[in-house]
Amino acid sequence: MDIYQADKTLVCTSRVPGLKQTSLRILRNKMGNKVVATDPVGVREGNWVFTASGSAARFAAGDFEVLTDLTIAGIIDNWDESAG
Amino acid sequence: MDIYQADKTLVCTSRVPGLKQTSLRILRNKMGNKVVATDPVGVREGNWVFTASGSAARFAAGDFEVLTDLTIAGIIDNWDESAG
Amino acid sequence: MDIYQADKTLVCTSRVPGLKQTSLRILRNKMGNKVVATDPVGVREGNWVFTASGSAARFAAGDFEVLTDLTIAGIIDNWDESAG
Amino acid sequence: MDIYQADKTLVCTSRVPGLKQTSLRILRNKMGNKVVATDPVGVREGNWVFTASGSAARFAAGDFEVLTDLTIAGIIDNWDESAG
Amino acid sequence: MDIYQADKTLVCTSRVPGLKQTSLRILRNKMGNKVVATDPVGVREGNWVFTASGSAARFAAGDFEVLTDLTIAGIIDNWDESAG
């Protein structure tokens, strides 16, 4: 499971029906690369999170039918990336 | 889910039957690398999109039998890559 | 789906039974990295192709029982990599 | 399966229910990149381990319902990364 | 499927039960990065091999219940990496 920092909510008016009403969040890794994940946890911008990918992402979304390949699995407490 | 900018439609006269009549689109990430995705959304060249990969791609294609590993899941509104 | 240029046929006398009698082809991406894919399309050296990976590769091989993780899904017409 | 060195236990008070009561461990590869894995083996900080990813991670977690995409599969004895 | 050169056998006294009695082999790609794979073929140190990943790895291991994400699928004859 990978580690990202939550960025803004994704604004997306046109999407496939399979994503349903899920909340979509932009995440940023420490290299600055951005990805999009479904968010069943309810994170806030700036939170450090870890994610489940692949088929686990659909399970983690709380609804196996949600067509995602990346889901936020939890918020990491007191993460200090620079301490790595 | 990854973020790409839509490039041209892929011209491909010889392909496996499992891809059926799906529309294929070339996508380009911000590093300039290109991939091919099925497009159930109907994007236009220049649109910024996010994609579902793996088994979710087959679901997202709207037909689980379509043999893709990458499907456009939605168009991102007002994406400013450089603002990243 | 990723884009590769077909290289030589893979010569391999010892392989797992699950690969059956499939044709194996070496592919090379634009960085020069090489991978091996099953080829149900019948490509020729020098063709530019796109591939399906993961579980889709097994379906695309035309036989779900073939133990591959990468299958050539089609030949791209008139691909000009340098035009990217 | 990839090779990592075990780092600290992950402190995470908010996570998806699907992770249940699994132990979460931060792992670090030789480049210093960090990931999060479920730990059914019981490793100690500093151990070198190898991991199963994808759907195998759920099986390896000892409970297919655990929503992980990376699980520690074993501890490597006498690993000398620098000897590589 | 990726191309690696077989390195030493992995010595691992503590591992998850799901790996059963499979032989584990360290592989090294041409960049020198190391991974661990199950070996149903019986390779020798120095052989060049190609691997199946993901769910195909479990099938290729000859026992779908083996919890691996990478399995050696065959030995490549007369591979000359430098000729790439």
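The letters A, B, C, D and E name the chains in turn, as written, and every chain counts its residues from 1.
Everything below uses one rule, namely that a contact is a pair of C-beta atoms (placed from the backbone, for glycine too) under 8 Å apart; a residue touches a chain by one contact, two chains touch by 3 or more.
All values reported here derive from a predicted model rather than from experimental measurement.
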Rounded Å distance between chain B and chain D, as computed from the means of their C-alpha atoms: 32
Distance between the centres, which are taken as Cα means, of chain E and chain D, whole angstrom: 20
For chain C, residues that touch 2 or more chains besides their own: 54-55, 57
Arrangement of touching chains [line / ring / star / complete / other]: ring
Chain order, ring traversed from chain D with chain E following: D, E, C, B, A
Chain B - residues contacting chain A, complex: 1-3, 40-41, 50, 52-57, 59-60, 62, 71-78, 84
Of chain B, residues touching chain C in the complex: 10-16, 18-19, 24, 28, 32, 34-37, 53-55, 57-58, 65, 67-70
